[in-house]
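Here is the structure we will look at.
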């Protein structure tokens, strides 16, 4: 690789919200300025900000002061802005266009020598394509779901699990007072990490995850068995992407008036519907939703995010590109973006954590 | 009133879960034992426990150790157990029966001289009828909704508001990162106290409460105005019982497969549905649900609950009955149960708190 | 009073840090702008900022965005800046000077028509003197100690009590694991409100406050009695200003090397020293210190602070001056500053809260 | 190793309090009963409970219900009970005696086939000696200090770091309001893990740890430099075991009256004393103390503790002994106790975390 002399870098955040984004931004900005004397440009609303005028601004020390412990991202994010498949409306139709050439022009015009791209699977895949087109860049993995295979853990996950666990702690006391089945739906469309960790941490009785299809009869059996032995409250933690064996419960929920589907259900609601027909306890559902994505990051996430932000800039400074920084056991490392986005990290159904949960009596509904 | 010599009291909790119930139980038990040398019987699952065998147990010091900070109630609760209209199934039919005579027999058999009844509107109304039938008792007000007219504030409310506020704090950061309208549905079927206080405390932009019917057009107008002035995130806090002017949005939500209504919607979902058609921002709903009822009570609620528990026993000891203990400004007082349950305390639409919110730019959707 | 036409107000915060200060500032600024179209000047570091050049700045909407939930004060505070007795060093000597004439000049030069003064006893006394010299102003009471007689409760107190209670909750588990006497020193130099409320809320066994002088022998007796009955852990919550009967334990602590006193002890340390000689349990002290003054304000404090901030501006707009806004039961009111600062609100030693605590077995060491 | 047929195991906790102990106990008890059908004996107050009569009790399902999220240990702990050097007083003298033979007798009498020993360095060293005398046992590492070399992280550490970070968050706002140097002393007598992680997580400006001796002049230089550039608040996080270069600040603090040392200072107090002489800002110290050891364990710690508790029993069941279970990256493993207790894990002064902190401008005082 020809020696790259960096004078100015851009930084952007893409994808869903995640506690720790601001900590990465702060660390990257500080390191770039203090260690390397670079200028830093903040790009607003993900890659989209590069395509639109006026959506970039210099980031100085003062801009990152006091943001370490703040949830969200001071740069804004966007799920829409894939520059390779940019969508917009024209004459009532949605048009999809490759705007990567424009993006390359903008980078040149802004004299941005390299990028720090903070995002999940989708954002990092875009980054990899840009890297292959010649843009020097380093990715920082971000997902509360913890489903990236190339890093032991992602920042945001610890906070999300703490938030979910504290919520389940609260719900438990009500379940016990009223002898109810309390179903708590947590995030995790494709993987069950949050459900598994928060379930174990909160002492859930039943944990349902996408990786282990469940049987509704088994769940009812477990609950009835608990009732027989005097344990009248049952806590069920279910990932939003959990599915019954051989099928799909994602029945559409509609509003009677309009018959438009207003949201795809609602695995929690579905479960409650089915369970409450089979057993004699009251059943209640709580969908934790967006509280899992926001808020003050945990100490672990702040520290991890800080270390990754520093490392991303260090990798760029050392001439690295097309890589994603990551955590391996206790140290920071990096891998190629290509390897990083190849596959999701799923919960191994026979892994140690699932087995540990089973050893203490947790059912996975199968 | 003829002098009542109390040797043994019963204590029970009724109605929905509420942080601080255990603190009341602990305080009442300790005071009864330490100050008056009484025995205390814990009655399980509300009044229902008095009707069933084996649902009472002595409460000693050790039984209330370590429960001060625990959510829920160690005695269990029940919404069903109105002894005057006791419901049960027989031969496939639901039968309603007045079982108050049985209840009186049980009290005599257990040699319970007086009751401490901890509950909301419903439970305290039952208590008042029992009092009028001759049962010496004192009520302790309990509702997270803060809607009892005869007390300045009820325990549980402060915790519920803190929980809701912390959740909205988390949701706000995501709203700001993604330029979204974030709708948060909080508890409050008939009154908007939680929505109002948590809304003001969390800096909500729009607060919708049952006492102030809203116009959907006004809400959209406020949001669009915000967008125009560069404020792309809007936080809407809505009480579950909020209603549009002159109408009702409580459309049934159904599951396509079964066409059984699985829950009455979902004012939050309805709002999101309507708002997202009128404005160009993404809209997301979070229904906080049962997390507002559980968890570790706040310091204020623990102290208030403790003071009320002590006071209830003191009132009994002083020969009082048919009364509810309550908070007046900074001191504990009592009122007749009859007065206490006469009416709900609603948020005054022109009251100082609503006006304060309006003064700083909060819209109530009208 | 001649009609005052306000166009511009100044706002300042004085005295010790207190959660909710920013919420008052935000509410006052928003109300002044939205309701009355006034300009607002932020004065930095208390009254001192008025005396120094360059320590004032305009406060607009954007300046108060996002500060509702932040501890501290964006305006800074100062304990030193009494303009009537302004201290400074000159030629090695400390000189005290009345700079109120300069302050009046500055107010005129800045065209500030009225002031909102947020502070405790000291700051509000200064405000009262300025009012009597002709400065239109309204005070907002601020103290985590809750010791102002003219308001039912001050903002900041609820947060401080929650922080103390949560800390004692943590310390309790360790005390129980190790069979120790855990002494927790909380704030409260002249009054015991924090110790009393946090003590009751956390289930303390012994609470020591300035208003009830304690006997060390009594404390040891209580602890020994607990040990005899199998309760090996004892939680002692002590206000920093608690004192033994007829004496004073404020022995100086010195550093051997220098023999300079580095702090006045340390009632907690003193107690530990004395108790550990008399009983056979290990004793540990934790001084909570400044964590009680900072952090995210509780929902209650944010709402109360907001209401007071609005009310202060409303009082000014209605032509009021020389008054302090305050909370009476559930509504906001105002009193003259003169009345407000006349005396401290002390814990009544025979009041209901102390008696409630005694009823459940808490000892006050006498 | 001859095949060991286990029918009954004992479990004990030793050393300082640590969040997660109860989660280990719960997991071990449940696994032993559910997976292996063993009986479990709880031994109170560490090894000492084995030496005294009446300090053991059976642990059944009901005994571990509801303890997952509780700080402390239901079994109690003891720092004193080294059976190889058992100390007791007789005739005014302290006698040290090897009571391991008695301990072996007791194990036989109780028919305990194997032990699960939860403890830190000290407790596990004792366990290793007992193992070498023939007692089948497995150790579970416990220390909030995270200083055990054979495991990536210990449970309790995450909670302690969160507690410290939240406390520093609170203290920061006060520091900024008052332009102060805020010194926060955290735990860590021999290693700086808590100070380092909590310091980075809370955005500390200066972090002082035992592994990097500091220069007081350097610290003052950093603070003065900050003041010059307009940053008037400085957060210093100092581990209790931090030391100045080439010396020791552990000057004794004494009480003037008695001249008995009441505690070894107080690195925080010492620092404040020295700093406040050299700079012109107010300096305040907070010693976090025991709040770091207690409280509700974080989700991470509950999960890790659960996994370790299961693993300890699994290792015993598989015929393992003399081993300590541990965390390696994301999976649970085990090592010999001998290796495990060989050395402390210190913060590498040139490691990646320290360097990351330096990259964003944190000073370590050298």
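A few points about this structure:
Order as written gives the chain letters A, B, C and D; numbering starts at 1 within each chain.
Here is the rule we go by: contacts are C-beta pairs under 8 Å (C-beta built on N, C-alpha and C of every residue); 3 or more make two chains touch, one makes a residue touch a chain.
In this text, all values refer to a predicted model and were calculated from it rather than measured experimentally.
Number of steps on the shortest path from chain B to chain D, with steps defined by chain touch: 2.
Greatest centre-to-centre distance from chain A is found for C, with centres as Cα means.
Separating the centre of chain C from that of chain D, both taken as means of CA atoms, is a distance of 34 Å. Computed centre separation for the pair chain A/chain D is 32 angstrom, with centres defined by C-alpha atoms. The mean-CA centres of chain A and chain C are about 41 angstrom from one another, to the nearest whole unit. Residue positions of chain A touching 2 or more other chains, listed in rising order: 166, 169. For chain C in complex with chain D, the touching residues are 13, 17, 21, 45, 70-73, 76-79, 163, 166-167, 169-174, 176-179, 182, 251-258, 260, 262-263, 265, 269-270, 272-273, 284-291, 293-295. Residue ranges of chain B in contact with chain C, taken from their complex: 26-27, 30-31, 34-35, 68-69, 152-153, 158, 161-162, 164-166, 169, 197-198, 200-203, 296, 298-300, 302-303, 306-307, 310-311, 313-314, 328-332, 352-353, 355-357, 359-361.
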